[in-house]
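There are two complexes below, and they share chain A, which is joined by chain B in the first and by chain C in the second.
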Partner chain A sequence: MSAPKPLLQIDGLSVEFSARAGSVSAVDDISLTLHEGEILAVVGESGSGKSVTALSALRLIPDPPGRIVAGSVSLDGIDLATLDEAQMRRIRGKEMAMIFQDPMSSLNPILTVGQQIGEAISLHQGGTKQDVRDRILEVLELVRIPQAELRIDQYPHELSGGMRQRIMIAMALSCNPRVLLADEPTTALDVTIQAQILALLRDLRARLGTAILLITHDLGVVAENADRVVVMYGGRKVEEGPVELLIGAPRHPYTRGLLGSMPNLDQALVPGRQGRLTEIQGSVPINAARLPGCGFAARCPFADDHCVAVRPPFVRVGDGHISACWKHDELEGIQP
Partner chain B sequence: MSALLEVTGLVKRFEQTRSLFDQLTKKPVKAVQAVSGIDLTIGANETLGLVGESGCGKSTVGRCILRLETPDAGKILFDGQDIAKMEESALRPLRRRLQVVFQDPYASLNPRRTVGDAVGEPLANFTGLKGAALREEVALLFERVGLRRDQLDRFPHEFSGGQRQRIGIARALGPKPDLIILDEPVSALDVSVQAQVVNLLMDLQDEFGLSYLFIAHDLAVVRHISQRVAVMYLGQVVEAGPRDIVFAQPRHPYTQSLLSAAPILDAQKRRLAKRIILGGDLPSPSNPPSGCRFHTRCPYVQPICKTVAPPSVSDGAGHTANCHFPL
Partner chain C sequence: MIDYVARRTLATIPVLLLVAIIVFSLLYLAPGDPAAVLAGDQATAEEIARIRATLGLDQSFLTRFFQWGGGILRGDLGVSVFSGKPVTTLIAQRLEPTIALTFMSLFFAVLIALPLGVLAAWKADSWLDKGAMGFAVLGFSVPVFVLAYCLIFIFSVQLKLFPIQGYKPIAAGFGPFLSHMILPSFGLGLLNAALIARTTRAAMLEVLRQDYIRTAQAKGLSTARVLIGHALKNAAIPIVTIIGISFAMLISGVVVTETVFNIPGVGRLVVDAILRRDYPVIQGVILLFSLTYVVVNLLVDLSYVLLDPRIKL
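Take a look at the complex of A and B:
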């Protein structure tokens, strides 16, 4: 395998939000590299900074209250901080597009589906009105929207939740971006349509070498689609590795906890009775990234005083596999 | 024991918004039939899981039961009273007993009101509580769903997704309902927070004797929380029955394909899994396929499926499937 080309590089990114009670560290010292033709999954607790990381890459953090306080983002070796807003607009949608997490607040309620998708197409590709309409219908069919001819003239409130999500996907794919930031792209879809959308993304990657950052909380989706995985907790990266290792042999207790809370279709249940799920007790402390020790210590079954006092560095635990945990050895060989 | 909720023959259509030009030229109105005659029952203290393809009408069913939409036909018996066409004034006392939690905790909370006010509002409306008594009741609700009473005066953006979903649950719980419609309540949560919220829902159900209509896409979660399951396809229920039977021995080809498409974590199991890929034309809800609505994509389709609507086949123990050739 020839070395894949790094396309999007995030290096030491830190983002803060100002709040009444002082600033909140949303992302702290995150580094990740997305290669051409790669699917890199990002998983982690709600509020751990996944969306903020992706939004920072597009320079879409609302400022104020948000601010990138450290780090850099480069696309194809070009530092995006050196570009002005006009240059950035040419990159967004065409070079690097995002499927936003929340379709309802990202779609404009007073524009039809066709008007919203058409905007990006006319901006980046141009063409006659008919060309643009044809391309819109083409992407609507690509994302498996039935009756594209009817839907193109409808408004967001006339669509089901899953259709709105597919409209967001269609918008992001309309200009064949080289980098796709997909933030929870299939949460509102049933599993058969989800499978079709993910097959579509894999196909884009294979045909056009699209690099995909796949933010998702569905670990089954990660297992079936990603090449590599980054796990985030409390604004920091805690583990990173190839998908088989990360899911088959996780070396961070948080990753292990995540895998353990996943409901399973094969799990034996008492007939007629509900089945409880395994929780990670407690919740993420505010500003976990600013604690002197490990941000997960308060909830971690392996933690000791040292974990609370001193932050664990990244340690290489396998081929391309790193973990920020003092007890990474103890996790070796035990089944998740 | 009679059911708490009994829906029969429910129909809901939406007319397409037409441009002024289309209206003036009298172009025919295209209607989407979102729900085409479905039957559902939910017993007291029971969870019915509702699954199905995106756009098949699940949320519309929920909105009709809540009477946020008025059905075009059918009956909705809630505790024996038909609320399908009931006037708002007659409906009012029943509204307290029917509550809802939506998928999107962000969109369903007003960003400019404190979360304490958001939870207190329905409570004040339905119970007449005010002032310190209201505040105390809200504080107790907060504690019941795993939030702290000192968080009452904060705003929604100060909470994480899982916490916002707890706020939504506290809000629904306040008026002491009998039935809560949960429309994808955990879809936006990561798996560890999802586990906490699902366990909380099950505890509350035991404690207050609640009934749930649980709409979701994650089949494993539905399996954990439901006693019975209904599967919808294009506006119709195609299979329904006790959870253990539907998941172990699905009889409708659509249910079978749905179960086979669920992502699998374990690499070894994945290699052994038989996946059914649904090909064929996507059907249109404004012009549904003749005969069996699933026939354009069914791997077992026979000539009769294309012309004759399949009967409901029952095993006599509450498991039904609408198919000419049930599995």
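Take a look at the complex of A and C:
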């Protein structure tokens, strides 16, 4: 089997937002590669820059106040910065589509499901009214919407939360994009619906070969769905690796902290182990990326003066597994 | 829906009744005597008293109110004290220029305000936004007659593009009608545009922050389609509401504009009637204006159903 081809490449991306008291670095020097047919998870707390990264890929950062200050995004080898706005619009929705966190607020309340999905289809693929309608019904069935003929003429408020997110996914898939940016697609949904939506995404990847950038704060979601993981903290990437390595043997204290704050059913059954969840002390500092040292040092149980003073470089710690931590050696072999 | 319209229509009756009582009482209490005006400067007290008697002005307040009110229910607004013609006839004669002026002003107002408000919101805080909102402040502050005389001076006196004053009915040809109507309706429309533009901007700003706007952009839609197809449609309810309100404001603007441009409309009719203490005409016109306002309000409320599928009546 040949190595999977890189499809979406983000290289050294930095995004700033201007605020009254100066600029805030939302994303700093992020690089990641999404390969064909891959599910790459981007994990981090709120404010770690996950959504900004995805929106930057589509060049949808509201400007002002946001601004891409460095780095490049390329899709299938084409640098998106070289495209004008009209060419960029042909990428959006057609080559690269996005689904958002809250399907209620992300769907237009006064347009029918059919109108909202059909809009993208007639824009990117054209065709007669009937062609468009047929295609809408096709994608509604693809995302397993029952009674598609009925749903197509309904409004978002007439649908359940899970159904709305399926509509969002149908809308994103309507033009067969090669890349799907899924920004916390299950956060606003209850647990059983969450599982259904994630199963749907995996299934679509398998059937259509769509590469998915799955943004989430939930490592449980990551473990079950992703091939590889990028962990972000305070606008920077801190660890990246295949899902088994990263979850099984994390080499960054932040990733360990995230895993420790996740309930684990097995844990309680192991005698001699504490049944308590551990939490990460404090919260993400503003402009963590601008600190001279490691952005996580202030909250890190392993940190020393060196961590605060000097920013750790990325070190290869395993097969395809890198970590930006001075203490990555100390973490080796310690169970999270 | 039909049920709602029926209920709302019934609800207008007490509103109009209240307006009728207020208008009637105000004029009853107002100083000045139509009989004295009619009789002229040289009249004796006996002559005035005789005129008062023929007009029924010597009757009690309640008797006069019920006579007048009873007439209204039969579609009779009474007879003009001054000309002796039925008020309904007088209003009917003057209706065409007023309707034309109102709707053309509204047309100009919306035509100017919507693009201005949408662009101002889209480019919020830019020079375009500041310019548009500066214009809006100006529109609030400049009285109709000041702007009207400025327009007359520039376009009629200096450039000689339009007639200075007057009115030609549509029956006399569409060209002359239009050339007489453009300046008055543009002037009146411009001032009303200010309010509509400000509201449009505010409503659009609110909508442009919504997540579904980002969804629309992520679909690859052009800015124009996002602004008009997604944002403006969602901002429509406050905009339509303010258009309804400015319709009411137009009615008072119409009175001034008709006077400045010497247009023989309902506005002029009521101004003349006030000067002559022609109570039945004043009462009739105010009642007509109130009825119009109530109907416009009802139409605005009904339009919500069309604008937002979540609203059920």
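Before moving on, here are some points about what is shown:
As a working rule, the second predicted complex is superposed on the first by the 299 of 336 C-alpha atoms of A that agree within 3 Å, B and C clash if a C-alpha of one lies under 4 Å from a C-alpha of the other, contacts with A are read in each partner's own complex, and residues count from 1 in each chain.
By our rule, a contact is a pair of C-beta atoms (placed from the backbone, for glycine too) under 8 Å apart; a residue touches a chain by one contact, two chains touch by 3 or more.
None of the values given here were measured: they were computed from a predicted structure.
With both complexes superposed, B is the one of chain B and chain C in contact with more chain A residues. Contact with both chain B and chain C is seen for A:102 once the two complexes are overlaid on the shared chain.
With both structures placed on the common chain, the touch criterion links A:189 to chain B but leaves chain C unconnected.
By the document's definition of touching, of the two partners only chain B reaches A:224; chain C does not. Of the two partner chains placed by the overlay, only chain C lies in contact with A:119; chain B stays clear of it. By the touch criterion stated above, A:58 is placed in contact with chain C alone, chain B being left untouched. Looking at the shared chain after the overlay, A:31 reaches neither chain B nor chain C.
When the two structures are aligned on the shared chain, A:262 is found in touch with chain B, with no touch to chain C.
With both structures placed on the common chain, the touch criterion links A:89 to chain C but leaves chain B unconnected.
Once the two complexes are overlaid on the shared chain, A:74 sits clear of chain B and of chain C alike. Shared contact residues on chain A (touching chain B in one structure, chain C in the other): 102, 105, 155. Interface residues of chain B facing chain A in the complex, by the touch rule stated above, are 14, 16-17, 19, 30, 47, 51-55, 59, 103-104, 106-107, 158, 160-163, 184, 187-196, 198-199, 202, 217-221, 223-227, 242-244, 247, 257-259, 261-267, 269-270, 277-278, 282-286. On chain A, the positions that touch chain C within their shared complex are 55, 58, 60, 89-94, 97-98, 100, 102, 105-111, 119-120, 123-124, 155, 157, 168, 171.
In the complex of the two chains, the chain C residues touching chain A come out as 210-212, 214-222, 225, 229-230, 233-234, 307-310.
Interface of chain A with chain B (complex): residues 19, 43-47, 102, 104-105, 144, 146-147, 150, 153-155, 158-163, 166, 184, 187-195, 217-221, 223-224, 244, 247-248, 257-259, 261-267, 269, 271-272, 274-280, 283-284.
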